[in-house]
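Here come two complexes built around subunit A, the first alongside subunit B, the second alongside subunit C.
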Partner chain A sequence: MWVYAAKRVLYAIPIAIGVSVICFSLVYLAPGDPIQSLIPPDATAEDIETIRRLYGFDKPLVLQYLDWLARALTGDLGISLQSNRPVIDEVTRALGNTLAIAIAAILAAFVLATILGTLAAFNLGRPIDKIATSISTIGVSVPNYWMGIVLVILFAVQWRLLPATGMGGEGSEHFSWLQWDQARYAILPMVTMAMIPLGVVTRSTRSAVADTLSQDYVQLLRAKGLGEMQVVCHALRNALPQMLAVMGLQLGYLIGGSILIETVFNWPGTGLVMSRAILTRDIPLLQGTILVLALSFVAINLIVDLLQTVIDPRIKRA
Partner chain B sequence: MTPAKTTAPGAAAPRQPQAPLLDVSGLKVDFISRAGRTQAVRDLSFTLEAGEVLCILGESGSGKSVTLRALMRLLPEGRSEIAGRVDFLGENVLTLPRRALNDLRGAGISMIFQEPMTALDPVYTIGDQIAETVMRHTGASREAAMARALELIELVRIPSPERRLRAYPHELSGGLRQRAMIAVALSCYPKLLLADEPTTALDATVQVQVLILLRQLQQDLGMGTIFVTHDLGVAAQIADKIAVMYAGRIVEYGSAEEVLLAPAHPYTRGMLASTVSGQPRDRDLEAIPGSPPDLRALPRGCAFAPRCPRATDLCQREEPGLTPSGAFGHLLCHHAQPSPRNPAPADRAPGELVAGQ
Partner chain C sequence: MHMITRYRRRLIPAALAALAMGSPPAALAQDLPGGVLTVAMTVSDVPDWAGMPDQGFEGHRFVGYSLYEGLVSWDLSTSDQEVDIIPGLAEAWSIDPENPSRWIFDLREGVSFHDGCAWNAEAAVWNYQRLIDESHPGFNQVDFARARSRTSTIAEVELIDDMTFALHTTDVESLFPYNLVYVLMVSPCAYEAAGNDRAAYAATPSGTGPYVFGSAVPGERLELLRNDAYWNPDRIPQHERLVLLPMPEATTRAAALLSGQVDFVEAPSPDMIPALEGAGMTVVLNEYPHYWPYRLNVLEGPFADVRVRQAANYAINRDEMVALLNGTATPAFGAHTTNQRNFGEPYRFSYDPERARALLEEAGCLPCEVTIGISPAGSGQMQPLPMNELMQAHLSAAGFDVTFEVIDWNTMIGVFIRGAVAHPEYDAINFSSASMEPLQFVKSFMKRFQTPGGSNWGGYHHAEAEELMAAALQSFDPAEQDDLIRQAHELVVADAAQIFVVSDLNPRAMAPHVQDFVQAQSWFQDMTPIRVE
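Then we have the complex of A and B:
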């Protein structure tokens, strides 16, 4: 087990290096010169050259990358071109805000999806299965920014139950789910975020549990006299590795790809930071954000892989 | 009461003071799908006493495994219909409420499945899977149940039992997995053991070992056993009684000796004639021509008639009824030839004389 875990962590290193190369070079593949946004329109060629040297843009790309990597390893992701603050600070604060709603969303989605998917799998073709399948189809296919706007109209505008956008005055520095005056700002974005994972995980739970139920050993469980709840436990434990894999991917998407939701709710997370960085050509901020997000993705998948081996002993052989 | 009940065993066997271990009468299983109704098992009757071994013989699709599952109501509900009676120690299993049924499964009646590769849960250890059954039926603590699991693993002679207790199914060979499944089945000393081709999926040498083990455990523990197989050799080794199934019905039922040495039904005869052992080397094996009928569209008369060398117009027209035969058994044939050992000696009960005519 530990040998496998150590191996798996080692395998993650080349992936992380690859990720950093892609992050770094992506920015240069995009058209346009990052310097353009920094220089005043009336700058002389000399001024431009000075700024170029100041930010290290004059060196060969490989050197720029190695410099960037060496600094990144010490936690220095450079200075944001727009705010002049360290990128690492901006990214960690945004990541904290995003994780607060993303993890809550994925947990809520996972619990609900497990219940729905299991009920559906045990009642294939019956009304309850059709309801669960419909919910999952709606979750996957309704655009989430639209869903967010609808929720805002209903809960914030019509019924005045929850705030429409933002994090409230206190929340943006130290967000906590435990304080209602902060948590209430997070509810609508969290619900909106949970929709797609709910749909995807429900569907995969349904198919994984249904697949398990068609196996011979389920007949043996029944032949042993076990009750339905015990059969459910066996079925879920067998389906769990597959469900976790899907859930890990979904959490990765939520952390990185929530630009639309965070924009609708004006939630100062990674998505909002990234969209700002793109629009203002804030290269260091963009590189830093993408790197942190990509590494989080690698880390989540590593954790899922390790959890899977704990649950299913057959995976260890791989 | 079904007609089967009144004609078959009633006349021959002296009335038992106690209910037999298992008394199946008029058992009928239909599978229901959109395509229609499949009559998998029709009008099945037999009895089993404690400590007896009944072999159900038949080719694939004859309904033998379905019969076994029906006895424990393991068939998918909603897609199958079971009718008739299955009396286990005088109580009808088919009408038991859910809870009582679960209490019976794994405790009074246990089952061994054909495929040791897929019948054990891959993500639980062998010990857990045995202990789970023990805990479910005896209310024992986890420690006590694990200790019992270890005893059982020793009982089925799995080498290095302590290590195997913590092993997962994929870490064991097929033979050891089948032994582990036997340990699960025996965990609560069942009175009735149902074995669905327990040796078919194993290598030939392992088959013999598992068969010997099962036979010995069956005798030591005095379990009534129903052994489903298509292997005549297996049946000859362990059976007290044999029921031969064809197209969902028992076509010949009697003591192992009667059925194997003096088969009266043309299907049984054909099956015995097509075995490899005892045949001259240079001659082709005899085979029964044709293939089993489609259970969704059974012929009007005898289901075996299209393949039967003795079939007449009567067979095409009319399905035969049960005719008592032997000491307690019955036959399903218009033209059953009483074999040389069978015909009516003076001490035969009147019921069988009818069969011989």
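Then we have the complex of A and C:
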């Protein structure tokens, strides 16, 4: 097990280096100058060169990359051009804020999807299967930003039950899921965020459990007189690796791809930071955010891989 | 069409009484109203509070001018007059009669920074020196870059005595004081106590403004507190705290207002205004120095011909554009709005597609193929996509064949900064403008300010207007300056230097309990008179 884990960690290193090269160079492929958001529209050519030199953008690109990589390895991702704050602080704060709702959303979706998918698989073609499939289809196909706006109109504007935006009256530094006056800010974004994973994991659970139920050994279990709950447990255990893989991917998507939801709810997470970095062409912030998100994605996949081998040792042998 | 709501700032009787009696402003603190004013801004981050703010004019509006002040300030006290500069931390300024490049400033007595540091000539010299001299211990590239367009003509800073100092400019520049309204003074004591480290200073920022720093959560919120000891009793905030929240999405801002999370929102979407009014919110509009034009490449291509430029101005149905914007704009007939003192009496291009077509025929450009750079969003760009679609329909109906190149806002800024010479692929770009100061107008239309190094993107040149503007830059008589610029404005409008379309009316919405907001005709606003009932 430990050898397998060490191998997987080693495999992640070249991926991380590749990610660093791609994320550093990608942002330079976009048209425009990295300092153009810093210079006033009527800046003279001399001023433009001075500002380029002061920010270090006059050095060759390779030197800039090596310098950036050397600093990144020590946890220094540079300074945001716009806010003038350390990028690592900006990204870790935002990542923590996104994780606060993403993990809650993925757990809620996983629990609900497991119940719905299993019920559907045990009742294929029956009304309960149709209901579960409909919920799954709605989750996958309804645009989540639209869903977010609808929830805000209903719960915040019309009924005033929950707040519309933000992460608490005093900001994210005081946020806690354990205090209702703070936690209530997270409910609408969390529910909105859970919709797609709910749809995807329900489908995947239904299919995996139905597939397991069609295996001969399930007939054998029933023939040996096991109760339905025990059969469910067997079926779920066999379906779990596939469900975990889907869930891991979904968590990765939520961490990096929640720009629209975070914009609708003004939730100060990675999506908002990335959107801000793109719109203001804040290259250090963009590079740092992409790097941290990509490494998070690699880390999540690694954890999922290891969990899968714990649940199903055949994966390790394969 | 929505009613334009105008407010006049109420005088503060207690403050006036105290002034008359000679009491210090701090004595009024116990009588001042409480309340928290929470504002949703359109920016995506809290503007930088550690000196020169970022986030464009919104950064100056809410953070820069709340915490800090310049030698010169804006008079934002009324809603029915054009805003102009007034004395700020300098009580008066004058040009040296023997040296027209030496500006002498008499500084305001009795002013202290929030940390108690004295405002004097030494502090003024320290502030200006650090913005122009890389070897100054307080130098920082962030403030240098943000202030550069306002400080690039400062050649020397001179200490004269305790309350007097001078700025030397590289050339004779009569409109120079307009630059100084943007350059904000930080406390040298606080900066030095922070080890001249801008990041450390951000924890204890100190200016002379009507608010003092309270707390901040980066990227999320900034809380400012009333400065009870502010030197100008007329502008002591009428609320205890000002909370600023960045909220870039218009729908989110509207929802936050409707759900009671914020009291005041910037720039509600025109589509949302009826719903906000229906819910009892107050929506205010007012003219301010903004216009939404097509800046034309007159160096080459179809717009080098004045008949084509005039045709484009005749082709636009400005009233229809205003209707598209739900009444949140007004037709633009020049680079100044009609109520600005330098608007003058320029020729007004009416909607006349037949005349436009005739002019194109006369110019031998029918159909007239033009490529125009537009952006899907951006500061001051209003609702660029639907507006440009309507522009395309109007221009096409008059004989133009319009191709749009859609580029993101940052790319558009780069195109603007490099100018039409570097971007001959565009016959025009849609890039909105602020024309609040004569200097900005001059930089947009004088040949010597062709980009880079100015705002004249398309290389526009009109010999007579150039002479008038050059004379304005040399004149130290404000009335004469205005007269020269007014004449220049009339000439460039008649010459169809740009396609002038509409001016924004700057909508804002606030909850019914927000009282006494005075919407000045400016990009900047004074939040201090607001009471939260």
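We adopt the following convention: the second predicted complex is superposed on the first by the 314 of 318 C-alpha atoms of A that agree within 3 Å, B and C clash if a C-alpha of one lies under 4 Å from a C-alpha of the other, contacts with A are read in each partner's own complex, and residues count from 1 in each chain.
Simple rule for what comes next: contacts are C-beta pairs under 8 Å (C-beta built on N, C-alpha and C of every residue); 3 or more make two chains touch, one makes a residue touch a chain.
Just so it is clear, the structure is predicted and the values come from calculations on it, not from any experiment.
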item	value
Combined model on subunit A: subunit C and subunit B, fit or clash	fit
Subunit B versus subunit C as contact partner of A:Pro313, first or second or both or neither	first
First (subunit B), second (subunit C), both or neither touched by A:Arg206	neither
Vertex subunit A angle, Cα centres of subunit C and subunit B, expressed to the nearest 10 degrees	160
Which of subunit B and subunit C A:Asn238 touches, first, second, both or neither	first
Touching partner for A:Arg160 - first (subunit B), second (subunit C), both, neither	second
Minimum Cα separation, subunit C to subunit B, after superposition on A (Å)	48
Residues of subunit A at both interfaces, subunit B in one complex, subunit C in the other	none
Subunit A contact footprint on subunit B (complex, rising order)	69, 72, 74, 102-107, 110-111, 113, 115, 118-124, 132-133, 136-137, 168, 170, 181, 184
Of subunit A, residues touching subunit B in the complex	215-217, 219-227, 230, 234, 237-238, 311-314
Touching residues (chain side subunit C, partner subunit A) in the complex	44-45, 48, 50, 54-55, 134, 141-142, 144-146, 148-149, 152, 198-199, 202, 217-221, 245-249, 251-252, 255-256, 258-261, 407, 409-411, 413-414, 416-417, 443, 449, 451-455
Contact footprint of subunit C on subunit A as seen in their complex	30-33, 35-45, 47-48, 50-51, 54-55, 82-86, 89-90, 93-94, 149, 152-153, 156-157, 160, 163-167, 170-173, 263-266, 268, 272-273, 275-276, 279-281
